[in-house]
């Protein structure tokens, strides 16, 4: 009965359903049976998909109907040099020192580009990075009869945040309710709950806690819950509310690069890079009606997410980045380059979700950030800061390439 | 000299740089040496990352500084039932019949949810899906002296699209220039080139072709190229220009589900689903300042992208989806559910990029869509349509869950 | 020397500058002289512009280089019936009872349309309206050296809101600082100050108070003020931050209209109106990448603003409205129409600015809302609520017209 | 029977309805009667509102239920110096030479600020301005059964633009159909019709023409019209589709100001202005999720609209502006200031609508742009260009004020 061929046959004969196989065999056998069935149905050979090297059982919390694994090439960039030490004038960041950053991608040239940027950052003495806001959100939508009940509900919520916190926090040992913000649209009331979920990305924690708080809202106000997510969260959608108010970590990274270094290593000037950034990342994105004012931050975010077991669909909002590049004139008349990236809603965790899978777990080990941090939340903060520096390196490298190509072509023009 | 330990030592001693290893050894040995080096530097054991099962050389176009692979669990949903047959009244879609859709993800419950939706769609007779627009875009930004030169440039471009097409198409055997749209902001001129890139996602093809066309623009107008991408493309950013005008494939899928089926299989009603969709996906997203009017289309898009070797960073705009759900009253007074998803900018390909890697290639085989289609472009069209139906299933299942939970709770309310 | 001809001659001869005339003559004579000068320069006859009927001196706080006035036709709609009475279950709104609403416009058919909607609302028993949030904002931008200083500044601000409030409130007898929200983008720190400005629209009050608070920020943190407005306010721009978080008053109005009334007076059905609203105001606006999910709320807002002396340029964000229209099924199977408008950022005042001019002041008198309210802020609240009901009437009337035309055409179709 | 007191009494007694008065008396008497009635009902004295000085009958196309007029102070700025002459290298703009620009507003200091900017522009030799795109849009929404019919409809429309043009243009002597762009969202199809409406703002012309074209669409495709406006137009809403694709006139104006002039007249430097613009208008607006990347363009647009009889509610999208300010380094090391404004969707006309009212008509006379231009459309083009230069002056003046205040404070800092 645990022979995969037999199981596949039973599926084909309609005696078993494809998602029931784990009831009749261990996870690897079930995956093999499913693969056999699909191979026969689609006349394919799924040898590579079946060539995964982790126990299928470990993926149980992550997938159903498993047939194997996608293997995405993983490489390494770095070291990422982060100046997070506490000084007299500031409290420091979560990440300090040098870290290799694993990236999984199929986008050729990405790692080379990021690595070039990281090298320049190292020579410039490292980047600063800080998480300036933190809060995982969930925003249920309630139905009321109309605006009078809506106003009543809003008032009750504003007066009873403590009761909501008590209910919400009863469901979690780690999470803390930070804020509840009400929004009214006609006979819909949205309550945006924000939590400190420590080292977990926290979407599930926030959902469960909010569900508990909703029961109080329903009991004490005229509002009836329609959906536990009313899209003001906003999860996996490119929404201004996240770009403005943040979700997960709001993190900024920057570096000041001496003009000489810009010329030697990036073959261009601070002014040329600043011009390209302004015309492309600021003015161009403005004209495009964009929420993303950057060159390709999503490349780094997506590749780091894949490598470290983050939620790949959250790349949508996690990549929300404003990149600034300015020429700062020195007293000697030369110009240095100030470059920054600000990611408004980077949802990351070092526990839970895909972080426990073998390759992903090892990738977090490389960063020294596997599992919960000390204090709680510091590992996820550090991961956010390192990804931000990686994104900064990618922006720097690409903008410099654009600017130097332009300079080169300007030189050709002169040579005509 | 090709001993990985030796190579790692040389890197540690500063005799070799980490990205040079492929010059001294085959790709697998280079990856092993790099892994050894990182293991020592970070005091880790990267056994799982090193346990990839494809020849490292095959990933050469996709990654630098390779150390191994991320293994992402892959499962199967379906069959996806697409009614694309040509009829007397319409030209048909690219995808027809039943397809198993492979999805790679770490998001537990996702495949179960999509599968439930696909089951209902099958029972309802399948979904319709159509690509209604197609064009991969690249938008360089040029510098002019000011508005007078900008107007002159725009006029020249509008008068010389043929010359631009000739230049652009000289670089590609497949691509066709469809359109060039100029935009002016002060002394910046942006030209948005759109191409039919057939079965390739086409970003590289579009970039190279546009580079060639830019030379003509620079030669014939006062405009100077600043950056080959000026962010009106807009690649890997959540921009309204993509949501409005499309990028890659604009694809819509829909299904009409009999009320009885909604009740039996989804345990709710068309009215309840429509209400949840309106309050959450339409009104909630409106209030959130969102470009995404859906529940979780990004989950399906991201998982299908990973499985089939698409560019994971393009999930940012590829997931741009408007979901509609309406109760359609029948003559007998009962209500059926009309559900649709419209993805404005789904960038997909069945050739090039990550599609050639072993597991990804097999995933495309499962769909019957590996490589170029006949006619050219039809495989990528079909892939877009199938992903759209997958997203539709995911929306349907999640909205139904929200609505039925709500109904359940309404029943409890009555029982008090 | 106070002869207008003489003054005009002196301007023409270059002996006086056009903006200096009030130094040499009373305001009406200065305006006449300026008019004479312009008439000669442009070979025109400005009799109508000169035919204004208020003392020019009264407009001194409102205009420079005055030549006369634009006369915009003003009409009346109403009564606007607002159910704002306090009940056992809610605190009531600021506006109650019936009010005539003056509107100034050149848009033919607008008042007729709004009036039709108001008639239906009256017959339905009046509309509910509530201000659910209130806060006039000003957001200066500061320069810091980088992210470390930015984090330090944010931390200081979060810890010292009381000190900022003390400074800000020292400049005003009425205003209260409600909140300061920091936002970081690279080396820019934005602080969004929100004030309760009572019956004043409050932009000036907020600016002055914020200026004072900025001095503390500059003294106590490394941040240097770059601009007193950093566009996160956001004044006179269509910004998501206002649509999401509000500015001025966030106000919602709604009404439940019996199905019979929809049919008799609007010649259509709740279902047809709901369909038109969903396809146009929700889905259509979603596809347009819009921040405005309504049909023509700006018409009513602009006309009420002109009539009552509000800032006409703030129509940009004051018109930010989400309109919802739903068919609510009754127990007898018939459907009533629930209609609502939610204006996120309606900036209004009943004191200051243009409200003191003669015609504008009389318009506020018609509403019974001239000057400060009792309690302070209640007049501006009531004005917001009445404008919201006016906008609701406009939406209702236009949507009904679209739906009935459609029904009519549907009937024709049947007759073919 | 034409005694206003009598009429007012009859309204009070319910014998006449307030909107019927024009049937029983001339327009001025009707307005007086209505005023009397309102005065009694609201216990007010509407003397100023009644003190309008144009024949009420002239306002018949513009208002219903007229009671009088709002008098908005009007002033003059300028001359606005526009370099529109045709040169060897470009086709010239529509506006040339010097124009006084009338502005009606209640915003104190606005005209002084704009005037200061215009003075600097004149000394710098005038501004360039060009309309780079022109098209008034109307976008009906149609219902189809689903995506298959949607695809069919889109295909028919793309193949039959000529037939649609013929139908549309049959309703107008001036308008020309430029383009029809289809958009699909589930079972809704939107067709965005764009017209050259010459010197008319053209909303009505576009609506009527589109209505005619819709009949062909309904006759030839499965699509049924739901609403003549489906919000992809998008009229009087802040929508990205307008900011990206334009509506009415897309117009850009710019000026290059010598560094010496910036210092003498604006008391600051090109670098300081550029910094303020970048942090506020670009980065600040980016962070605010804005569609408006400017300081206060809406002030000038709104005031010019009021003065010249444009549609005040269209200020919402007409003010959509990107402002750029850059320091351009000269060969001698000094920096000049390049400043530009780009208004994407400025809807203006010199015929029709409010332009025929007496004060508004005189305001257009001042500009030399009353009525139709030669060639048709040139007056509206010129009006757009002049308003753009006015907006440029306003931006310049405000940004300079912010920058100089900052410089002043920087000097104080040094003095400590």
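Each chain gets a letter, A, B, C and D, in the order it is written, and its residues are counted from 1.
Assume a residue touches a chain if its C-beta (ideal position, glycine included) is under 8 Å from a C-beta of that chain, and two chains touch if they have at least 3 such contacts.
Not measured: the values here are computed from a predicted model.
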Smallest number of touch links from subunit B to reach subunit D?
-> 1
Provide the labels of all chains in contact with subunit C and in contact with subunit D.
-> A, B
How far is the middle of subunit A from the middle of subunit D, if each middle is the mean of its Cα atoms, in Å?
-> 41
So, what's the distance in Å between the C-alpha centres of subunit B and subunit A?
-> 17
In subunit A, which residues are in touch with two or more of the other chains?
-> 183, 185-186, 188, 240-241, 243-244, 283, 285-289, 291, 293, 322, 324, 326
Note: in the complex, subunit B contacts subunit C through residues 240, 243-244, 271, 278, 282-283, 285-289, 291, 293, 322, 324, 326, 329
In the complex, subunit B residues that touch subunit A = 18-19, 34, 38, 41-42, 44-49, 51-54, 59, 61-77, 100, 102, 104-112, 115, 139, 141, 143, 183, 185-186, 188, 190, 224-232, 234-242, 244, 275-276, 279-281, 283-299, 301-303, 306-307, 309, 311-317, 319-320, 353-354, 357-363, 365-366, 368, 402-403, 405-406, 409-410, 413
Of all residues in subunit A, which touch subunit C in the complex?
-> 87, 89-91, 93, 128-130, 132, 146-152, 154-155, 182-188, 222, 240-241, 243-245, 250, 252-254, 256, 289, 322, 324, 326, 338, 340-342
